[in-house]
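The structure is given below, and queries will be raised subsequently.
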Amino acid sequence: MTSWLPSLKTNTAEEGYELAVKLSRMAVKLTQPDAEARERMRGQYAEDADALIVASHVVATNFATVAAANGYWRDAP
Amino acid sequence: MTSWLPSLKTNTAEEGYELAVKLSRMAVKLTQPDAEARERMRGQYAEDADALIVASHVVATNFATVAAANGYWRDAP
Amino acid sequence: MTSWLPSLKTNTAEEGYELAVKLSRMAVKLTQPDAEARERMRGQYAEDADALIVASHVVATNFATVAAANGYWRDAP
Amino acid sequence: MTSWLPSLKTNTAEEGYELAVKLSRMAVKLTQPDAEARERMRGQYAEDADALIVASHVVATNFATVAAANGYWRDAP
Amino acid sequence: MTSWLPSLKTNTAEEGYELAVKLSRMAVKLTQPDAEARERMRGQYAEDADALIVASHVVATNFATVAAANGYWRDAP
Amino acid sequence: MTSWLPSLKTNTAEEGYELAVKLSRMAVKLTQPDAEARERMRGQYAEDADALIVASHVVATNFATVAAANGYWRDAP
């Protein structure tokens, strides 16, 4: 079976940011496995500035981890 | 007696994420030891986008710790 | 007089987690020294998913500190 | 195609702070891609002290990452 | 004039925790310099579990800094 | 033009704390550039314990960065 998280390594900072978003969503998925329920809530909080800001905080926290794991992509071309 | 947390070491990043989820839930368990009460609340906050996002933040914070403990799984195959 | 926090050193990860819980509660104790008032609030927030999740976040933040202080218990048996 | 995040490297601390702001906004953009909807919410939360403070927290978290990535600009002139 | 924060160095972990509490309160003091207003709010949030938990989070974040500054008091007697 | 953030270096821990406060306010300024609007909100949240506590959290997060950037002022006189 393929892992949804084979590694924290990414080629670029931008891909690292995308991985941080994925990590942030996975925790929600584990608590609310019903895709339809998640879609419904997404429609709601996409219009709710407070929720969007907190969601951005979660991504920031995960991005810190991914960035550290990649040595901040300092050796990237 | 077996420890619920024998180590922070995991074989893969995905297992590390699962451990982060476990760490996040354990704090709730310690404050609310009644499994039925927890189950009841879970049904509620699974429909509450704000709560799910904050729960995801807790997992992110614990994942940072687990990832650091595992050297970010850099030597994983 | 004995210190309530003689050290951040613990023998195991599980004991480290318990210390993180203790650190989280101590800040509450310092602001609300009345044990009865704390007990009363505890009964309330034990039924409040949002409060439990945020409490779990505090434990996660303190656990990060305790884990770092213990070198993530990498040398534990 | 140009990346919106080619690197975490910036010349100065001030530019690093600007990058942290950019990182903070990008997560919002990914959840709410409609620029008009974002503009509407911005008008609202710009008058909401609570939202502004939490937004400032997100920037602080991202700034920590950018600052670490840049060695805290210690060698800057 | 004496500084309210001459150093982050403390002799023990417990003193470090006290310094973290002091750092947490100072930010409040800088925004609300009126001691009477702070005392009034203190009476209120001391009965508010949510506020106490968030206050505990602030202490946890400052304690992480103080603990790192002191090498986690590993060399303490 | 002078930068508002020429460096993260400060001579003392206290000055570092002041810089953390400045960093925390700058993010608010960037979202709400109208000084009068900020002043109005300040008057409100200065009476709001919850907002003051969260504001203190932002300062704590920025202080962690500034303290790390300064090697925790370990070599200070």
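For reference, chains read A, B, C, D, E and F in written order, and residue numbers begin at 1 within each chain.
Keep in mind that, in the parts below, a contact is a pair of C-beta atoms (placed from the backbone, for glycine too) under 8 Å apart; a residue touches a chain by one contact, two chains touch by 3 or more.
To keep track of the chains, here are their UniProt names: A, B, C, D, E, F = Hexameric tyrosine-coordinated heme protein.
All values derive from a computational prediction rather than experimental measurement.
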Quick one: how many steps at least from chain D to chain F, stepping chain to touching chain? 1
Interface residue overlap between copies chain E and chain F, same or different (over half shared): different
Measuring between Cα centroids, which chain is at the maximum distance from chain B? F
Using only Cα atoms to place each chain's centre, name the chain farthest from chain D. C
In whole angstrom, what separates the CA-based centres of chain C and chain D? 31
I'd like the Å distance between the centres of chain D and chain E, where a centre is the mean of that chain's Cα atoms. 27
Approximate Å spacing (C-alpha centroids) for the pair chain A, chain D: 16
By the touch definition above, chain C meets two or more other chains at residues 42, 45, 48, 50, 54-55, 57, 61, 64, 68
Should the pattern of chain-chain touching be classed as line, ring, star, complete or other? ring
Going from chain A towards chain B, every chain in order around the ring: A, B, C, E, F, D
Touching residues on chain E, where the partner in the complex is chain F: 3-9, 23-28, 30-32, 37, 41-42, 44-45, 48, 50-51, 54-55, 57-58, 61-62, 64-65, 68-69
Across the complex, what residues on chain B touch chain A? 12-14, 17, 21, 42, 45-50, 52-57, 59-61, 63-64, 67-68, 72-74, 76
